[in-house]
Amino acid sequence: MISRHTSQRVAKGLIWAAAFSTLAVMIWILLQVLIEGLPLLSLNFFLDAPRQMGRTGGIFSTIVGTLALTAVAIVIATPLGVGTAVYLREYTREGRVSRVIRFGTDCLAGVPSIIFGLFGFVFFVILLRMGWSILSGGLTLATMILPTIICTAEEAIMAIPYSYREVSFALGGTRWQTVARVILPNAIPGIFTGVLLGVGRSVGETAAIILTAGSSLLMPTSLFSPTRTMSVHFYILAREGISMEKAYATGAALILLILAINTLANWLLWRYVRKVGG
Amino acid sequence: MSKEKIFEKGFFLVAFSSISILALIAFFIFEEGVPLIWKVGARSFLLGERWFPSQGSFGIFPMIVGSFWVTVGALIVGVPLGVACAVFLCELTPPSVSIVLRPTIQLLAAIPSVIYGFWGLIVLVPLIRNALGGPGLSVLAGSLVLGIMILPTIISISEDSLRALPRTFKEGALSLGATHWQTIWRVLLPASRSGIVASVILGMGRAIGETMAMIMILGNAVQMPGSILDSTRTLTTNIGIEMGYATGDHRQALFATGVVLFFITMGLNTLALFISGRRRT
Amino acid sequence: MDEKAKIGLDHFHFHYGDVMALKDINLQIQPRQIFAVLGPARSGKTTLLKSMNRLTDLIFGTNHTGHIYIDDREIYDSQISLPDLRRRVGMVFDLPTPLPLSIFENVAYGPRLKGFTQRRRLEEVVEKALRSAVLWEEVKDRLSSSALRLSGGQQQRLCIARVLALEPEVIMLDEPCSGLDPISTASVERSLIELKEKYTVILVPHNIQQASRVADRVGFFMGGEVVEEGPADQIFTRPKDKRTEDYISGKFG
């Protein structure tokens, strides 16, 4: 019979090993790209246009594409998401309507990105005749990040003490005045965090974007221009074997961007929204 | 007063955006895909083993099997590791450390799937090819990478479950003379079973829905994988690869694949919500 | 001084869902007096106050029967504008609750909601309110600093100023001195005495001594019912009901 203490040692040892190896693999995955890619990054790389399908040159048009798509997505999803959160928290109480809305939001959060891509293609690209464009891609992205924004906005609103609302009403405020003057201004840090998380998601998204924004390397000139984002560019470079060197560089840039965005978002969350609990 | 009403109605309408979008997605995917399933016959679509679009054969069974095995493999990798890490974070580290580690996991969860796929392509695939034979682009590679990708989901939800347990569970067990590990194994883990199961189901949904990384490392042969070293396709990679050039019936067949995917992921999602009785982030 | 009652409660019952909080309340509250609502914990005092400016409407699942009249108008009438009612019947809560704004903006909050936008006008209103709350001298040089930096006593007087800025007719204070040191308590009590010159004041006192110091009339509550009601000196020296007598003499509380 193995003693209890021995089996505890073994079990804990295994768990430590699991944790350690998980962390190690994660870091390996990141370093894999960063080690080769970081040295290749330069200002020129960011500002040059891609040439020869990306074999040479830089990634400027993809940076612009990424920014444009993300901007469209945020501009659409933020009002919708914040509005939903405000409604759920300030204008209604838990009941059938709110359950339906939450169910819809939760389900939307679970839809695979390729399905969003198919939807965006048939709805925005074809039906609404927007073609493969920043607009199609951005609107599709907006539907993908909506649940995230709703969730963080709700969290931010819930963090506001009830007494603020009571005071506002007691001083003759209407519901809208209370929302506009007390709730929203105090929820902004949390909402901004949700926006950042949405940006992070948009930057990393690939499948849905290929199907809705196309993969043109040309500099987009309007909302209706097709474009390629950094992640799509990275994917194409790697898979088609166009240039491993450029792939590493693009990948490194992508990782840095996402790490920066998410670190900022987490820091904001920690600082302004969540009460830190051990 | 009427200004108030306008705002109230306005917020009410906006609040329905998420469910409206969900309905739109379902509508259009079905509208494009279901006619083809009708045309080809549900049985021959779902169970047919021949996928030759140019000849009008639309059987997605190999892709269903591919998705299945890759997902099972991902769970075999991801669940033990994920639950172990959750236990680690919750029970074996002091709060000062877990406070740093948890956002780190969130950070790692945000890494795009194409990066994971790239690592799989550059590192894992040659490794498997050299060590175990076969093309390297295989179910094994896919399972390993997918398993790692679903870790953050399993870890964070399982850990939340463990943390939500009342302190008395742990204190009670310890005061009865149980060792720390016995407490974890016999009391805490069983008590958080529903949360852990929910995390697994959500991880499964995530795994089934993954596209880009799988395109990069599964090899994309339209065949039923005979062993874990075989190349294969999943429902998602099938769509992802061929959508760029599919037309007519072929395109509709891809939407039809989307219909199947939609059902599977919605089903899993709803099941997870039901089991855990709480919202996922 | 046979003035008409400012506030009248007529067979007023109040429920939170199935739980009864107020039972058959009949009261007449006179203007330009301090009416103290006395009683042990959980006797419905806060509910009574919040019913009178319908802050209880914010909670779902409440209902009432009976009437509350202010200046002979039923306040539960559907034509009544809630924001207007709450401006006329102001409330100060037991915990100081400054909004996360500057001192100036806290006091200006109510007037801004009402529609005042001119800076000059707001400055006048804010100064007047802060003077009436005996806070002006202490904060006049730092009106734009955050209200959260004030001491507890100052914050509570800020809350009073906030209410005064709306020029209400009735001021209700729910244990306004809890958590305050004796000096701050004394200054709040002094402002109460000044306030009753102009307003109808309803006070839930922190303890019996406070009531005896400032109240003109007292209503003693237990279990959601009015046990006894009358002039302060009568209640404190010659209570008619044994329960009142027991409470006054400290047998429970």
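Residue numbering begins at 1 within each chain, and the chains themselves are lettered A, B and C in the order written.
Here is the rule we go by: a contact is a pair of C-beta atoms (placed from the backbone, for glycine too) under 8 Å apart; a residue touches a chain by one contact, two chains touch by 3 or more.
Just so you know, these numbers come straight off a predicted model, no measurement behind them.
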| item | value |
| --- | --- |
| Central chain (by mean CA position) | A |
| Centroid-based (C-alpha) most distant chain relative to chain B | C |
| Distance between chain centroids, defined by C-alpha means - chain A, chain C (Å) | 49 |
| Distance between the centres, which are taken as Cα means, of chain C and chain B, whole angstrom | 57 |
| Whole-Å separation of chain centres (CA-atom averages), chain A against chain B | 17 |
| Chain B residues counted as touching two or more neighbouring chains | none |
| Overlap residues in chain A, where contacts from two or more other chains coincide | 174 |
| Chain B contact footprint on chain A (complex, rising order) | 4-5, 7-8, 11-12, 14-16, 18-19, 21-22, 25-26, 28-30, 32-33, 79-80, 83-84, 86-88, 90-91, 100-119, 121-123, 127, 143, 146-148, 150-151, 174-176, 179, 197, 200-201, 203-207, 210-211, 231, 234-235, 238-239, 247, 251, 254-255, 258-259, 261-263, 266, 270, 276, 278 |
| Complex interface listing, chain A residues touching chain C | 93, 163-174, 177, 181-182, 186 |
| Chain A-touching residues of chain B, taken from the complex the two chains share | 3-4, 7-8, 10-12, 14-22, 24-25, 28-29, 31-32, 80-81, 84-85, 87-89, 92, 95, 98-99, 103, 106-108, 110-119, 121-123, 148, 151, 179-182, 184-185, 202, 205, 208-212, 215-216, 236, 239-240, 243-244, 254-255, 258, 261-262, 265-266, 268-270, 273, 279-281 |
| In the complex with chain A, residue positions of chain C that touch it | 53, 55, 58, 60, 82-84, 86-87, 90-91, 93, 95, 97, 99-100, 109-110, 112-114, 162-163, 166 |
